[in-house]
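Below, chain A partners chain B and then partners chain C, in two separate complexes.
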Partner chain A sequence: MSCTVRIASPLRSYTAGVPALAARGSTLAEVLANLEQRCPGIRFRMIDEHDRIRPHMRLFVNTSEARELSAVVRDGDTVHVICALSGG
Partner chain B sequence: MTLSANERARYQRHLALTEIGAAGQEKLKAARVLVVGAGGLGSPAALYLAAAGCGTLGLLDCDRVELSNLQRQVLFDSSGIARSKAEAGRERLASLNPEIRVLAHALELKAANVRALFADYDLVLDGTDRLATRYLINDACVILGLPLVSAAIHRFEGQVMTYVPGRGPCYRCVFPQAPEGGVPNCAQAGVLGVLPGVLGTLQATEAIKLIAGVGEPLVGRLLTYDALEMRFHEFRVARRPDCAVCGDAPTITEPRDPAPLPGAVAGAVRRLTASVLSELLRDEHAPALHLVDVREVYEFSAGHLQGSVNIPLGELPRRLAEIAPYEAPVFICRSGGRSMAACELALRAGITAPANLEGGLLAWAATIDPELPVA
Partner chain C sequence: MADTLWIGTRKGLFGLRADGARRQWKLAGPQFLGHIIHHVVQDPREPRVLLLAAKTGHLGPTVFRSTDRGRSWREAARPPAFRKVSDGEEARAVQRVFWLAPGHHTQAATWYAGSSPAGLFRSTDGGEHWEPVAGFNDHPMRPKWAALGTPDGEFLHSILVDPRDPRHLYIAISIGGVFESTDAGGNWTPLNEGCEADFLPDPSVPFGHDPHCMVQHPARPERLYQQNHCGIYRLDGPERRWKRIGRAMPKKVGDIGFPIVLHPTDPDTAWVLPMDGQSVWPRTSVGGKPAVYGTRDGGASWRRMDRGLPHSQAWFTVLRQAMCADTHARPGVYFGTTAGEVWASTNSGDSWRCIVRHLPEIYSVTHAA
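So, the complex of A and B:
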């Protein structure tokens, strides 16, 4: 399964500034593990030591929020990584 | 609240809209809106709300206008540098539309004053640049039953959402907690000047719709904007039954300031002034200092203290092992806030006696080395 992961602006230092990457996996957990292989450290910014989505991060599969890493990701889906922003 | 002949002429293009008309314009005239933060977002939002005839407009900001603000904060011009933002903004808005009442609140929003301030308004716009203040505003709006239009920006990206108590999620439903150490604001990360123009006008649009009672507000819909790719995305966000402030069993029932640094942590952090650090660095008999600059990479690249290493605060939790072998690291940032958060992280990880450069590199540049470029 191949999907697109769109990266929140504050995490793009892990992707060399690239806003979206292709990733493989049929669940959110697998997609993030695949992403981590190419962007070491990025998963820890989203997911804590207990495999919970950090409370200032939100993950969406297409337009629906995914609150668990077991969320299903289908071929062609877009995973959006959203981060609380503070700038005004 | 009827319109005068002058007002009918001024707002003719609104009156021509069947969705607004005289009834909607009269609602705008009766409306009382508070804009918290007269910065990149608050500037365009307040200008458009004033032009639209929002009858009472409050502008809250405790800062003064700086030269670096003028790249995006279109409420001000060069003649306003060093003036109170709230007061300079009030004059500009009153000049734009003398028909409305503009109130300047040149103070810092705190739990102690938020109830009294918000009591005089029907709607709040959040354009602040501190996460802690965003939570304070959200919590107060939920508790007081006030609608809130909130936006935030970072580099080329922005978010906007409307929160109406009882009709959808609140800000805490979307982001339950701020991250340890915060997230970079505009001063730290940089921002495209026109970006808050887009988000601030979206906030004003939402406010006008809410007041006039037209259209579909961004309730339960998080709208994001990426200026580099010129893409908008919309995401559905539901209210959380376990939300700390708007949930079924709220634990936050009064607005509160962010928790201060625990006493044990505050006491365990060594606070170094720029002068003391300078003396320690020059003292050949003092133990070697391990300087850790926790600013973003681009800030570090612009200028840093000789011998310091760069570990951006966001990366520090997973890179603590790099500094663990050193005794008493000295954390450094632009103004001392992020470095204090770094000290707290280090203490929790068991690193003893971390030190914080008080006032950051701005203090260093002011007292030790004015040639040091501080991004």
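So, the complex of A and C:
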């Protein structure tokens, strides 16, 4: 399965500034593993050591928020990585 | 090399480089603009190397390494992280890398890191790959040692490696206490006798204390100093009981604070920066009149050192990593405030001047040469 991953600006130091990349995988876990191979270090900034999405990160598959890395990703989907932060 | 102060802030990293006389300081940066920098530490074994503990508001914690005195940085390939757990086990995740400490001088590539929640990590390849120190992180008593915690999680800091023995380690946990290992972190023993914990129902507990900062003198490694939530203490091994040397501080000032800094060669000389620990714990300078206090007799007496500091309406807070000394024969002493000012004394605290203002909230001030 091939999808597009749209990268929030705080993570673009890992993608050489590129805002969207193609990635392969049939679940979010596989997509992020594929992304990690090309952008080393990016996964741990989003996902903790117990495979939980970090508190200030939100992952969407198309327009649906995914709370688990087991979420299904289909061919042609867009995965959105969004940062959620409040305050100064 | 010129004296440099590395300033870790809530919004990035700055450098202050001195001229030869330490009169003029030139500000450089920011690097890592927007990143939360908890600690920046030069490697005393290889001065070109620096390690930096960072995260951002959004992103998880990590460590960066420089091999060119801070000009460029590369992220660790495997940052500090707890081991994966089995079903039913507590799944702790590193929220912030809070403290960095170089290993023993005979172990050139070894570093230690302390985290919140309280975890101890070790790298044996210069900070590129980090492993949990299982002897502490999985110690059956660890959940009890750091049981009280705070909503932000307890902090593991003040990682000390005995210069006489690389297997002899100390750590401090806020809140949890001081712990000692004599087998390179395989096992740990509380070392809190004599320290007070007046916020607990039983102030005489063996652990559960709140050490804010602990230091060991390189020329007299059996001596530890500690600035605690409940006073200033000294321990002279092999004695295992801390003595509250803060009792000699003026009563109206008290002996509460975050940092404690040692003279580079004189084990009897130290500096603290008291804060207001009354009622609701403002944690600002006492009465709005900031002052460093210095001792030259191991804490038997203290001298107020406030020449050049504001004499009223200055409500400083100085965090535990945000005060340091340099290595000159008459050492300079430096501190950074949560209001973004750095203050310097090039005469060991006798007089002070502000060398930079308007930085973000300062978390860490460390000296590099």
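Following the convention adopted for this analysis, the second predicted complex is superposed on the first by the 84 of 88 C-alpha atoms of A that agree within 3 Å, B and C clash if a C-alpha of one lies under 4 Å from a C-alpha of the other, contacts with A are read in each partner's own complex, and residues count from 1 in each chain.
The definition used in the following text is that contacts are C-beta pairs under 8 Å (C-beta built on N, C-alpha and C of every residue); 3 or more make two chains touch, one makes a residue touch a chain.
Everything numeric in this text was worked out from a predicted model, so none of it was measured.
Superposition note: with chain A as the common reference, chain B and chain C are in steric clash. Residue contacts after overlaying the shared chain place A:His80 against chain B, while chain C stays out of touching range. Chain A is touched at more residues by one of its partners, and among chain B and chain C that partner is B. After overlaying the two complexes on the shared chain, residue contacts for A:His56 are found with chain B and with chain C alike. Once the two complexes are overlaid on the shared chain, A:Phe44 sits against chain B and chain C alike. Within the superposed three-chain model, A:Pro10 lies in touch with chain B and with chain C [touch as defined at top]. Shared contact residues of chain A with chain B and chain C: 8, 10, 41, 44-45, 54, 56, 83-85.
Contact residues on chain B toward chain A in their complex (touch as defined above): 37, 39-42, 126-131, 134, 151-159, 174-179, 182-186, 189, 191, 196, 222, 224, 226, 228-229, 233-238, 296-297, 312, 314-315, 317-318. Contacts from chain A toward chain B in the complex involve residues 6, 8-10, 13, 19, 41, 44-45, 54-56, 58, 60, 63-65, 80, 82-88. Those residues of chain C that touch chain A in the complex are listed here as 34, 56-60, 62, 75, 77, 79, 81-85, 91, 93-94.
Residue ranges of chain A in contact with chain C, taken from their complex: 8, 10-11, 40-41, 44-50, 52, 54, 56-57, 83-85.
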